[in-house]
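In what comes next, subunit A is part of two complexes: it sits with subunit B in the first one and with subunit C in the second one.
Right, the complex of A and B next:
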């Protein structure tokens, strides 16, 4: 027994010594800032809705993983949102329509395979092809030949690859678009455009069970529905190497449980603080709570296919409704300032150079009960005497804010019956009713940007027959300005054109901007240097663990 | 006995078909699930049409149901929208929920019946009043309150347990969730047993047994308890199914990835395959549990004979 006791003491001494040297190493290293670059952190996660294929992941939970294990041609700066070259050595064009892309040398996937021009072209062809059921296929719609590999009328596809993509040599490929699109290179930071290794195509099932990418982390183990562990990839050639040893993503059904786990020290990072806890979060976490703008805007759209909402004078009713909503009060009381009243149709994360213009909405977004009453009256009154705001009641505390918006409208218009909420049980049903054009009044519309460009906040939402133009708004002036902006080679001028288009949206009040959504996160005392990128995803590779 | 069992098994068939058909129709009424897969935007129509074809959603409902049932009998429960086979989801979810149910049932049997016997034999005494009051409180407080309270106290304030259950969900971590899940039923079991014991304690056969000079523990165990347990067994038997399917709240609170979690996610995503598959299995569990309960009667009470 004595021997055993000795052994324990010896082990204790070694541990102390190790701790001491570990600490010293951190100090002399400088860059690690006291963090242990081998330590693993745990983070809350949700089960991804779709298989983890880059062109099939359109929600933030799957996006989180792709963001860790993949790097594309461009990457959006976590602070400014600007698109910066990652794997792209250069992207050249003379006419904003044909692009020559050169891939940097020296990049490999974590299985050792080289990242070449072919890795990109194959991945993009896979993403665009109809037979692969990729939900982000429309990201490739501007590339020539898209109508052949992905016929929109559902007829059989007549080609397997996009004719607009050509591999020139190992590191060069060309992209031919169907129209001028000057900001096309800046869209290439989106997850759908990442390169894929050959194993993705040859052994698809095995790849899905354990995805292989070219990012700073590599997947260590993946138990679907419960946990995904990524570990730092030591051979990562990029400059944004992981500052920690890895991340364990744990699936939580309820973000309240994740929050409780964080308080109990069972979890390191929660990137979705539940609305019910927002009141306590300062007391619980203090400065370990972050709340930063994300590229999400919430608006109320209108059914322009309904005559009642699309007649002369309707824009006055819409503007009146906009002026009847007390955004400040609602964001303060219901969202505890995790949303900011919107004053334009984009997002502050774009920055002023990117096209965000504070106050572009002007008076039309200012709460003023008298003006609201007057405008609604001038516009011929509310269609049917009452507006019904339709929303899905299953997630995201939509009921609370819709009720608050209705209260605000009722108070402003001095009419108890002016506005009521119209809940729909599930999100899928809600989307169905929208696509089937069954909306009878304003409806909730949330927009999370795909890439931080003003184009992404306007064209998909308000361009005639655009993919997310749910209200079917159509305006020739707007379309013309967007076309001109896309053809403009100078970015600053393009942004100006887009802002002019945005003014058309404002003058017609095509949608009522409500508020910009923030990303929020809370973390344990072990972590430091935690931040959220403009997509409200934690910047995992920079987190330091002590 | 054998004929009885066969008759009961045959009766299960219409119940099974009816129950699955109902669930199938209910999930279908919720509408087209594909639209929910594309976030806050319209699905690309070509891809949506292709997905609908692949999941068979473009066919009429009766045909979908027949195809589905045909597949179920060959052991193919279909594929969830995230590409996982439903059987795979079941293989990961059911063991967890079964463990949770076992813990809960054990609590019901051990604590519930013990309390029931003690209070039934000591009617009107302070113990009886105390337990009755406690059960009243437990029954009137909703499960999610009990769950969140215990989670906060034991998990965060005192740090005795971890507030959430890890993905392996071993028995040790399921004790508190099991207790929460069992709490309401446990109170009912206590009350049922108490009433039953109290009634039978006045029975002639008990007086006879006492008069024969049998030791007290033997009277209680062999004669009194055995007869008093019949209603309790019925309750616990039907509760097995209810606990397995009704654990959604408890599983959410403690982040247990069991049947409740899969059902909840399936309903949110309108995933017909997942929901119908899991409910089908739950229906089977219900039916079998009920049959077992009926057979247990014969064991407990020799007067009951099945022919």
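Right, the complex of A and C next:
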């Protein structure tokens, strides 16, 4: 495709120029054993939907960058996913509702400003405030005063700051929640909770053009549609210092192009191996191909704001569609068994104690053409006689599986026009269409967890008005069960409640679970120590470049 | 070819060269040569028929051309190929019994086997059936777009050439504007907003961007014809504009349009495939070679057959139409040989 090819050449030219300057800097800095700590690697990427405000980024591509340039109170272990203290010295509570958080000493932003309790409180207040219109505002919902700064009924906000947040001293602040939320500290590793420097508030425009954070990397430059460059921040005070000189994130609108560039030596790292190449990847890359379980589930969501999909009986149509999808065959053939057919709405990486329950979906996720036909008929048939599955065509080999899902539905329903794919060129555009509620039929919804808790697989996606509840599904029983689960202090009991909530999702087929996704990546011979974390994001700071 | 003497073509004239110069400068000199020389030839043939009466009818340009064509193997081959394509696009089930939309994922990427000579693509659809059914869209888009372009272009260009003056200048500038629009870019912009999945938006787009080419040919050819003595004579005898246009000018000016339109037909077919490949032309579940080529290209390493068959069909079709156009041009304009 012409447009894409030109962009690639442009990106290539920029990369050459940057590599030249980047390597020059690294040489003078000296190299350490096992890898040149000054060398820059290039990685495939896609434009984020929004400017990189932490509380406004709820998609994967922007999240990747935030993960490099920010560190929060907690950080999820790159291997186990367990939440570990990062900037938090201690988080104390006696009642699971009022927390006292102490920030570690010695942390600064890359512009030299000290990270204090106020950096967090200001950032959270900004994220929660209605007037800032942040997508992740919902993550602050349980903090006292949220209803004043972000009223849900459309009325004007009556406060600018959350009354539940109080700065005690330079390094201490308190958080008062509206109800018990036992796993609240574990959620604090998510992007929405990172601290922000004063320059974010005083010169917002400049900050957006070149975000300043407190992570091991600092943003060097960003050209939309082409490349974002981050460079190692030498003054980074944390333990997880970058092992390389920086990362050039190159925008690709087709993962096949990225893969070809990797084989041609124009790219160092691809974190999205195209499905069509899965047959060849072992031969192409050998042990430079990694495939590890990740907290990702692919589902089909529905536009519940569209009457046609939200009337009595449509749950039968949705279940019928679910039963018309032959997940086993699609994961075997299209994905060469690098995906596992889903039987619940969470992910195996949670473990059984964490809330993953194999088979929770039951018959509703089993392929059965006759049952599918019957259910769709009982539910009043397909709205408009045809379902259009909308997806973004630039990542994840979505075209291949959407076509396969459609063929499966067509075969099951004995109607070769029952289902068609509806591609949208880029992920950012696709996300915009979703947030503008332009969907008229099922759409692809991949969920990459923010933190490894069952709560994160349910609440942000299905709770009324939640941040990533793209289909605007709303169910009082579900909301009630989630609130009860969050209040539960005993983890096992909380998980049980969440699973009850998940059963409500199942009974309404609020979204069709498709398969659990593994993280897959391929890399060039220049790189070593490449791994993917449980979120399937490459652990960039640990990569060594030779 | 025997040279009929009675009517020597009157080719020169200051106005005429000026027109030619203006047209040649816009980069179409190749086809314009064709148009002007065409005018002469035609005039000879038909002029002769007019003057000589029924006895010389066998000598008309069209019958000469037909006699040439029948002896030209290029024409025979391409005409047979096109005839075959037209037949299978009207009745694809004659040679392909399957349903192009029935795909069985279990057979994905498999090679040829009994009953499925071309194998299966990445989704397990039968490549043979899809290739056969793909002809329909290609042929219908090509034919309809060419008809639309030829009618609109020759109407506008012919009238502008005949009446001249301000309307001519105005039309020439509009043609310039349309010539300046890059076809693929224009397609990406205009067709990406279209949600309908029928062939008509694609055809409409091609007509919109294709008519200026024909319009220029028709204009030049009409200007040539209008200089001729018999047209002047008709005018002197008080013939009306419409009579002159229909009776004397159109028959003498239509040959270059036919030649260019035939060649263009092939390029419209290729353009449809290009637009569908880019995802803005026809969209699934339509069956089009462009869509299949696009879908098969990621699998080129494991299932090249899924890419090669529709590409081959597309190449042969385009080639057949271009060869046909060439043969027709040679027949209508022996001087170019």
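We take it that the second predicted complex is superposed on the first by the 321 of 546 C-alpha atoms of A that agree within 3 Å, B and C clash if a C-alpha of one lies under 4 Å from a C-alpha of the other, contacts with A are read in each partner's own complex, and residues count from 1 in each chain.
Throughout what follows, contacts are C-beta pairs under 8 Å (C-beta built on N, C-alpha and C of every residue); 3 or more make two chains touch, one makes a residue touch a chain.
Small disclaimer: the values here were computed from a predicted structure and weren't measured.
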First (subunit B), second (subunit C), both or neither touched by A:263: first
Which superposed partner A:330 touches (first subunit B, second subunit C, both, neither): second
Which superposed partner A:407 touches (first subunit B, second subunit C, both, neither): second
Touching partner for A:280 - first (subunit B), second (subunit C), both, neither: second
First, second, both or neither for A:468, with subunit B first and subunit C second: first
Partner with the higher number of touched subunit A residues, subunit C or subunit B: B
Subunit A residues contacted in one complex by subunit B, in the other by subunit C: 256, 425
List of subunit C residues in touch with subunit A within their complex: 99, 101-106, 108, 122-125, 184, 188, 278-279, 283-285, 295, 297-299, 301-302
Residues on subunit A engaged by subunit B in the complex (per definition of touch): 47-51, 58-59, 130-131, 133-135, 137-138, 150-154, 208, 223-227, 250-254, 256-258, 260-261, 263-264, 266, 394-395, 425-429, 431-432, 434-435, 445-448, 460, 467-468, 470
Residues of subunit B touching subunit A in the complex: 30-47, 49-51, 54, 81-84, 88-89, 92, 151-152, 155-156, 159, 162-164, 167, 251-255, 257, 261-262, 264-265, 267-270
Complex interface listing, subunit A residues touching subunit C: 1-3, 256, 274-277, 279-280, 326, 329-330, 333-334, 393, 397, 399-400, 403-404, 407-408, 410-411, 416-417, 420-421, 423, 425
